[in-house]
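Remarks on the structure that follows.
Letters are used for the chains, namely A, B, C and D, taken in the order the chains are written, and counting of residues starts over at 1 for each.
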Amino acid sequence: MIEIASSLVRALQSGALYALMAIGLTLTLAILKIPNIAHAEYVTVGGYVSFYLINFAGFPLWQTVLPAFIFSGVVAVLSYLAVFRPLKTRKVSMFILMVASFAVSLIIRYSIYTIVAAANWGFGVKPKVVTNVVFRIAGIPITDILLMVLPITVVVTVTLYLFMIKTLQGKQMRAVADDPDLAVVSGINVDNVAVLTFFISGGLAGLAGAFWVVFTHAHPDIGLEALIRIIAASALGGFISYPGTLIGAFIVTLAENTVMDILNRNFGLSLALKPLMPMIITIVILVLRPAGITGLFSRQPRGRVAR
Amino acid sequence: MLVVDRVSKSFKGLKALDEISINIKPGHIYGIIGPNGSGKTTLFNIITGVLKPDSGQVIFDGRRIDVLEPNSIYNLGITRSFQLPTLWLNMSVAENLMLPPKQQVGENLRKAFFKKAWETQDMQLSDMVWQTLETLRLKQVALNKSSEISGGQMKLIELGRTMMSNPKLVLLDEPTAGVNPALALEIFKIIKEIKQSMGLTYVIIEHRYDMLFANADYIYLLNEGKVVSEGSPEKVINDPVLAEVYLGA
Amino acid sequence: MTKGISSYAVAAVAVIMLLAGLGLGALVGPSISPPINQTVTVTTGGQVVTSTVTQTSIVTTTLTAQAQTKEYTIGFAYELTGAQASFGNDMKDAGLLAVAEANALLEKSGYPVRFKTVVEDTASTPEGTVRAVQSLVENHRASIIVGPISSLGVAAVKGYLDQKQVVLVSCCSTAVTLKLPNDFIFRVIASADVQGKALSRSVLAEGFRKAVVIYRAEAFGESLFREFKKDFESAGGTVIGVPYQPDQSDYTAEVAKLSEEVRRSGPAETAVVAVSFQTDGLLILGEARLDETLSNVRWFGINTFRVPAFLPPQAPAEIADFMVKVSLTSSYTAPPNNPRYFAFLESFEKMHGRKAGPQAELGYDAAWVAILTILSAGTDAGQVLRDTVIPTARKYMGASGHIWMDEAGDRAIQDYTISRIIKEGDSYKWIDIAFYDASGNTVNPLTR
Amino acid sequence: MDFNQLISIIVSTANFYAIWLILSLSLNYEYGYTGILNFGKVLFFSLGAYSSGFLAANLANIMAGVSFDICSVEAVQLRLDLAKAVPQLPLLVFVASLIMGAALSAAVAYLLYISTSRIKEGFVLGIILLSAGETSRIVVRNYEPVVCGYHGLVGIPNPYTAAGDPTSASFLLSITIWVIAGVAFLFINKLTATPYGRKLKAIRDNELAADIYGKKPSHERRKVLMIGSAMAGVAGVLYAYYLGFVAADDFTSLKTFDIWVAVMLGGVGNHLGAVTGSLVVTLIDRGTRVLRVFLANLSIPLETLYLRWIIVGVLMLLILMYRPAGIIPEKSIKTLGLLRIIERIKREKT
């Protein structure tokens, strides 16, 4: 019982981080219809900003969060301006956007590789700041990361929600999500909305990366490694639902921790099969509940849209 | 020939079609009019199998077709065009016209290998396409990619595809939408020509009432998913319901 | 009629394009980087004249040639990107050190042979290894291949090398399935059974009869666990395994499982054994730090833990403190107080400006075995080299000890020194406490 | 550079190229012609490789009447010895593997397609295939009886052991690989330069219109996915026999993306595009290796190891932005009927 409880706590901790990562993916998908695989790289960028500030400038973790947010946000906006905007004006299909985002992710990831190799930081290095146990409940360790990440996730979620429904920009974002053409007609500057969306989603990924790098290690592949979970979480939210993504992230980590724990305990399933969990979730969700998703992917003809 | 029998369809609680019934007899041109959202296109979608009705049935030549897939309905002889042209955009105009004919041997996976089996048919096909291109006056763009031609030409190809499929019943969804008046006239002229020469039956959704009233034999006026008036053009045009529907009076 | 022709014309064009493209690639490739063994370097006084000639032609030069230097290429195929990148880079650098040392010695003695290195990346995948080795053999005419780390990589190129008759000396592949005689694969590391025994005996020697092993679920970790378990159980112990998928960034669930198994088996009499590499090892230690049970048991690890990457300034001090707290005991592949080992560590740091990583001594020895093999054979003919490797290696005393190869070309005897981490003031230090005697399968304490 | 070296470079490059060509052709058939977003190509590729390993290992055991663990060193030795003793056997097993690899891949494609028949959106099917590929990799790597789990299966004998020396045997195998790739090219070319290919393109360009005009999109897609997967399975068999080795860890999703890169670079919807695209990808691999050594000789301090990926990324972006149709753009399928129309138009113009 206590083991189950502690695996729940673990799921809560990484679930909150994955939620922050996945929200951005859902945002760009729902609002701009860009399936941005490079989203995972913004996590890595944020992670390395935090890693650099901690190890070479002596910052405490909480002070690295804002720089990581801004830096990743800027990288995300740059990738929008350089790649996605020109493609969007050409009205290419969603699939082409995804291929482009894959290329962007290659470029960002291997640029980070090059920088890390040139600066001799080493791969898979632990940052100087480490997680610590603040207190224990019945032997279950409660770490400072959990105590920082959980409130931040809640605050970010609520802020984002309020932003979306209260502010003009938020309303514009929703208008673009509903019907981009109509939004243009009603005088919304879609380009500004897109930049803002990219900044927020990249920033949130970077923010998650700042914590993630302390939780794990600094490696150019950390974003890639998280990608399947991000996709799974977003898929659980139907790729459009923002609260759904949040819950999805927790379900994914729950499956990886608690469900895997139960399977291991009762059926002797090897823990080495843990990475299967997000994959199986994705398949099951997509096969059983495709209806929530098909609304988003309207049957676009390939190439130019006749209109 | 085609009987739509008390068909209903709703989207998220919104009634698009409300127990609608329509009876189409061969050899005539039928017009369907009605304001936006009155369920005209939904009706076409149900007849061609794109949507399944919530209740009611569609009968074509004595056969119930609302349970069939679009491709089977097509093979029974119903073809349609779309309001927004749904061409095969990465293919040439000529190819777009070569696709509709039924029972092409060369389209069969197993027989495609044996060129002899389909070559003659493909040659005959090209003659048909040539004729259609002539009728539609589209020869100059025959080899262009269909995404690179004008909107009016796209509408013509939509029409051409219905001609190529050797149907019994043709449903045209706004064949002149977004087309200049001269071409619109031309299009209706072509429709009449084909009707005469091939003996087809047409059901046409159209916003240009003047042209529809001039060419159709029978009009259905739809509002909120129901037929509110029907009859000869003269009858419908003088029906006070028409003004009511359009002016909201 | 025209249709049929065009279909074949298309095919013909495709084939021509393929051949043209390949030819172009092949021509451009070597011309950018000329194959070295065809280059004859003539040293005259202080001036070096290099002219590219075919092997059979005679060098005619107006300068008075004092000696013709023959240059051999040693190809390094290492994991420079991908999951095992940190490992591979260390091995490569250790190998480069060996070649530099050899060249310095040869120059000093005036012996007219030099070694050149070409490094290729295997991307940590079997297919990448094949491509890397093919490039080394074909583009660069490597006489001998050194590397890769992973047994999967070695297995993937085995067929190719046997066919091309090129010798490969692997530093770190331990798979038992590659123990085949008469092939071109040689390994300067003992296959998993020896290391498993050494690890098992080092745990037994401290009086533990129960062990929980957390290990990488891949070829290396799994075979090591299997051999560990066999030996440990033969001595009356019980073993529980916790496998994990390597190359993840989150090991919380696995560490929790480890903790649970330790608690169930009794923390006081149970040893924790970690079979991890550098990156996953750091993550596991970092996570175990937060666990009460795991902070109060004894830990044992393989040689990968005994590297600077786990200690400040490269890693946070908390992890080193944890290692001290659990008296992490690790074995490394060298006989105790081996002067060559310490000389190697020193030279490595001098050459590359950083400390050597785990098992780097094996990368160094693999390169030396390759060098000595070529020197003893006096040729780069694959068949001759193959027959020369085993006798040469047997005469070689390396940084990792004596490399006595069996008939299958694998190291038969491996020396292990067992060391433990301690903290002295503010610095952390590994002290040697015992050595493993492979012939008697015993652990003997070191007495100074 | 001497002739033998040139030959051996061409041979080994062409081997990989030919295997990659089969994969690109099949993906182009699936995506370029029919619009199936198959992100799980590597799954079908790996199934071919697994069947070769599984058959080679188990048939050798059965032939010798022993029950060794197929992963043990004894079993490896047995396979190699048996191949020498009965030189016809490996060829037989090779042919059996080709059949089994193709059949298994097609069967799995069929099952996956019908179990996801409710899904109308190709994107979702793509993600399912991607996940299925990763799932199968993780399961096989953790389950020994297929191809020895993480250890990989060593010692798949060359099918032409009968030829005597290993050099000619491997050359014969290379020729086999090229011939199969050539046949695949001719097969797919002949199959699609027909009204059938035109129909597939209609399904790709606008599924709704194709359905309305009597083509059966779902039905055709299933067949295309099965044929494409069978081709990938054949490529997997060739790959396994070429390396003489199979390991589940080799079949990560990155391989799928490599194939996609080849098809997108070359140009979708035409087979020459796939031919060119995979050639470009192959040459980038060889080329950047050479470039790296060249730059290392110039002692430029920057690590150029990662350049290859950045080049691929930039190249892809350039293509997507400035030449969206790929290096070789798609052309009309010139069936006899279309040729006649073209002729008539020419005649009318003059």
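We adopt the following convention: a contact is a pair of C-beta atoms (placed from the backbone, for glycine too) under 8 Å apart; a residue touches a chain by one contact, two chains touch by 3 or more.
The shown structure was predicted, so the numbers you read here are calculated from the model rather than taken from an experiment.
*Asks:* Work out per-chain C-alpha centres and flag the one nearest the whole-protein C-alpha centre.
*Replies:* Per-chain C-alpha centroids ranked by distance to the global centroid put D first.
*Asks:* If you tally contacting C-beta pairs for every chain pair, which pair wins?
*Replies:* By number of C-beta pairs in contact, the leading chain pair is C-D.
*Asks:* If I average the CA coordinates per chain, which chain comes out farthest from chain C?
*Replies:* Max centre-to-centre separation from chain C belongs to B.
*Asks:* Distance from the CA centroid of chain A to that of chain B, rounded to the nearest Å?
*Replies:* 46
*Asks:* Averaging only over C-alpha atoms, locate the centres of chain C and chain D and give their separation in whole Å.
*Replies:* 32
*Asks:* Provide the C-alpha centroid distance between chain B and chain C, rounded to the nearest whole angstrom.
*Replies:* 71
*Asks:* Any chance you could list the residues of chain A touching two or more other chains?
*Replies:* 113, 270, 272-273, 275, 301-303
*Asks:* For chain D, jot down the residues that touch at least 2 other chains.
*Replies:* 138, 142, 190, 204-206, 208, 305-306, 335-336
*Asks:* Chain B: which residues touch two or more other chains?
*Replies:* 86-87, 89-90, 115
*Asks:* Under the definition above, what is the set of chain D residues touching chain C in their complex?
*Replies:* Touching chain C from chain D are residues 1-2, 5-6, 8-10, 12-14, 16-17, 71-73, 76-77, 80, 138, 141-142, 148-152, 154, 158, 166-167, 169-170, 182, 185-186, 189-190, 193, 243-245, 247, 249-250, 252, 255, 271-272, 275-276, 279, 282-283, 285-287, 289-291, 293-294, 296-297, 305-306, 334-336, 339.
*Asks:* Which residues of chain D touch chain A in the complex?
*Replies:* 35, 37, 115-116, 118-121, 123-124, 127-128, 131-132, 134-135, 138-139, 142, 204-208, 257, 260, 264, 301-303, 305-307, 309-310, 312-314, 316-317, 320-321, 324
*Asks:* Mind pulling up the chain A residues that touch chain C in the complex?
*Replies:* Listed in rising order, the residues of chain A that touch chain C are 3, 6-7, 10, 13-14, 113, 120, 122-133, 136, 139, 141, 143, 212, 215-217, 219, 221-222, 225-226, 256-257, 260-261, 264, 270-275.
*Asks:* In the complex, go through chain A and note every residue touching chain D.
*Replies:* It is residues 35, 83, 86-87, 90, 92, 94-96, 99-100, 102-107, 109-111, 113-114, 117-118, 228, 231, 235, 270, 272-273, 275-276, 279-280, 282-283, 286-287, 290, 293-294, 297, 299, 301-303 of chain A that touch chain D.
*Asks:* What part of chain C is in contact with chain A in the complex they form?
*Replies:* Touch residues, chain C against chain A: 81, 85-86, 217, 242-245, 247-250, 252-254, 256-257, 260, 278-279, 282-283, 286, 289-292, 309, 314-316, 318-319, 354.
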